[in-house]
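Next come two complexes, and both contain chain A; in the first it sits with chain B, in the second with chain C.
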Partner chain A sequence: MNTNCDLIVVGAGPAGLAAACSAAQAGLKVLLLDEFMKPGGRLLGQLHQEPGGAWWNGIREAQLLVLGAQEAGAVIETGVSVTGLERTRDNGWTLWTNQGRYRSPYVLLATGAAESANPLPGWTLPGVMSIGAAQVMTNVQRVRVGKRGVVIGMNVLAMAIVSELRLAGIDLAAIVLPPGNALSGSSSDPEAVLESLVRFADLAPNAMLKYGAKLLQSSMTRNIALNLYPKQGIRMMGVPLQLRRCAIEIVGRDAVEGVLVADVTPRGEPIAGSERFMEADFVCIAGGLYPLAELAAVAGCPFRYVPELGGHVPVHGENMQTPVPGLYVAGNITGVESAKVAIAQGRVAGLSIAFSAAAENAPDEAEIKDAMKQVKRIRQEALIQFHPDIARSRAKLYQTETV
Partner chain B sequence: MKEASIIVCRCEEVTLEQIRETISKQGCSARETKLRTRAGMGICGGRTCRPLLDRLTAPPEGESASEFPLKVQPPVRPMSFAEWGHSS
Partner chain C sequence: MSYGRIEHHPVLGPLPPAATVSFSFDGSHYTAREGESIAAALLASGIRTLRLHEEHGSPRGIYCNIGHCMECRVTIGAKSGIRACLTPVKAGMDIRSGTVLPTPFRQATKSDRSLSL
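Here is the complex of A and B:
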């Protein structure tokens, strides 16, 4: 059993790497575990252009964070899946993994987010994948996903990844809505989707979305836009964004051969007789993200259901501490946001833990407060706003939960 | 018609229709639905369909929304008995 550390960080994504770095700099012995074969988490898949024109290259960002954490003295082990954690009698933690047990007085869960499924008939055929899987294949494994794909679902993550797939030269036939069913919620409602599209208009290199964003903030103008919206869609990175068309079924014998789609009314109801077949050899389902918090649940941490943050989040304070002694959280496990916010949260968590552990070079309270302010500033400037009410719902969470 | 045949739990191949019928016939909770249909009890441990089951069985709103409707239990990742034995 490995017992030689002060802090174990679960997840070597942006939050975990930043936390490991700041905690190790403060003098803690830090071990960072990740189940993937290389550190970086979802950063490894990210590639986009910022409003100023500079490129955000996630692989490069990950390398810098890994270097920073290692130089500070943190040890990174990859290929380690944490499967459970349990409190020990001396108020520390035992972590069960596929590589044996580990012990540590402090644990930081930086496990990120997982993709939500959005099932429709045919979604279990080979060739159907989550859009995040297409991103990993393209940007991490460098494997071509297929010859021609259809994306089902329109949200921030889908738009970001569509642009990455296009940069890699992958052909996409269309982006369509999911069919309305017991599981689809508002993701199949054209008006709700249009409203959310406006929030990441900056990501869409398309004049209508970019300059129409302000116009589309009222429900009335949105309705007009939906009624006028062309059936064949508006092109984004060369891919028709079909807000008035939904997938009905994914078709194929042994693998994906195409998608049966239908036109929908402005309210999202399929129009009878408008069905048509769209040829494709792969399908990406974009169901959005939710905080991956299984380990916090296993550890006995209480939860709050906060839709603005993506679902159930572990109760935590602004300093990233949970009500469970010795247990901290950072990054998307606390709510779905951009990687830059996760990095800033990781720094707060690392400093808070070093403070609580009275580390050799522990920060003072002012330094932690500064790091917390930095999180808010970065959140405000974030290009990708996953939800318009993140700041408000976080303020509410931190006000009611005094940890 | 098409909607009913959607598979919700891929591991155990449980359809939306089976789950809805169980819920309406038995009036059951997320946990009971899981035990009756085996949805969420396959090799992946419910990693894909857990949120879907929660959505289908969750009470509309209220205090219970703060808790996970389905309890999470270790191991939270699929692993072999050999690995499990090695780790304990």
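Here is the complex of A and C:
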């Protein structure tokens, strides 16, 4: 059993790496565990242009964070899956993994987010994957996911990854809505989708869409737009964005051969007789993200349901501490936000743990408060707002949950 | 059919060089870039189906590609239930796809019915 550390960080994504760096700089012995073969988490797949034109290259950003953590003395082990954790009698933690047991007085869960599925008939066929799977395959593994694909679902993550697939020369036939069912909720409603698209229209490389977005801020203009919206869609990065079309079924015998789609009314109801077959050899399902928080539940942490943050989140304070002694959280496990916010939260968590552990170079309270302010600042400046009410819902969470 | 690799990328640049390792999947030989996942190596060779559903035999491949969904599980040597998306290929690896498993209780029910007692 590995017992030689002060802090185990679960998840070597942006939050975990930043936390490991600041905790190690403060003098803690930090071990960072991740089940993927290389550190960086989902940051690795990110690739987009910042407003100034500079590229945000996730692979390079991850390399910098890894270097920072390692130079501070943190040890990173990859290929380690943490399956459970339990409080020990001496106020520490035992972690169960596929590589044996580990012990540590402090644990930080930085497990990130997972993708929600929008199941539809045929979704288990080989060639159907989550949109994030296509992102990792394209930008990290550099393997083509197929020759021509259909994206089902329109949300901020889908749009970001569509542009990444296009950049890599992957052909996409269309982006369509998911079929209306008990699980798809408002993601199959054209008006709700249009309203959410308007929020990140500044990301659109198409000037017409940016201009259009301003017009679409009222419900009345949105309705007019939906009624006039061309069935074949409006091209975005060369891909028809078909707000008036939904997937009905993914078709194929041994693998994806295409998608059966149908036109929908402005309210999202399929129009009988409008079904058509769209040829494709892969399909990306974009159902959005939710905090990946099972380990916090296993550890006995209480949860709150905060839809603005992506679902059930472990109760935690602004200093990233949970009500469970020695247990901290940072990054998307606390709510779905951008990697930059996760990095800032990780820094808060690392400093808070070093403070609690009375580490050799522990920060003072002012330094932790500054780091907490930095999280808010970065959240305000974030290019991609996953939800318009993140800041307000966080303020509410931190007010009611004083840890 | 081969899907192949993204050799040139306008922002990420050319695919960095990597050593090649060989492995087998269901008895056929393939090559991988050293350090890449089993799922990536197989997809680059045009292999999408990683297993058949244990009960009804429908084909399955990767879904999430980051270890959450468990759809890509394969058998390596004597160890089953290994996630192809998280496991790097090693030289000489003997990988097997999942196949249909016996469901004796269901079969008993079916044969009981077919006896039409």
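Following the convention adopted for this analysis, the second predicted complex is superposed on the first by the 403 of 403 C-alpha atoms of A that agree within 3 Å, B and C clash if a C-alpha of one lies under 4 Å from a C-alpha of the other, contacts with A are read in each partner's own complex, and residues count from 1 in each chain.
One rule holds in what follows: a residue touches a chain if its C-beta (ideal position, glycine included) is under 8 Å from a C-beta of that chain, and two chains touch if they have at least 3 such contacts.
Quantities reported herein were computed from a predicted structural model and do not represent experimental measurements.
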Fit or clash between chain C and chain B when superposed on chain A: fit
Chain A-centred angle between chain C and chain B, computed on Cα centres after superposition, in steps of 10 °: 60
Which of chain B and chain C A:391 touches, first, second, both or neither: neither
Touched partner set for A:120, first chain B, second chain C, both or neither: first
Touching partner for A:378 - first (chain B), second (chain C), both, neither: neither
First, second, both or neither for A:295, with chain B first and chain C second: first
Contacts of A:237 with chain B and chain C, given as first, second, both or neither: neither
Chain B versus chain C as contact partner of A:198, first or second or both or neither: neither
Which superposed partner A:75 touches (first chain B, second chain C, both, neither): neither
Partner chain in contact with A:83 - chain B first, chain C second, else both or neither: first
Lowest C-alpha to C-alpha distance for chain C against chain B (Å): 5
Residues of chain A contacting chain B in one complex and chain C in the other: 35, 81, 114, 117, 124
Residue numbers on chain C that touch chain A, as the complex places them: 3-7, 9-12, 15, 35-37, 40, 43-44, 48-50, 53, 58-69, 71, 85-88
Complex contact set, residues of chain A against chain B: 35, 81-85, 96-101, 114, 116-117, 119-121, 123-124, 179, 181-183, 185, 248-249, 290, 294-295, 297-298, 302-305, 311-312
Touch list for chain A against partner chain C, complex: 35-37, 42, 47, 55, 57, 59, 79, 81, 114-115, 117, 124-130, 132-134, 136-139, 141-147, 167-169, 254-255, 292
Footprint of chain A on chain B - complex, ascending: 2-3, 5-8, 10, 16, 20, 47-49, 51-52, 55-56, 65-68, 71-77, 79, 83, 86-88
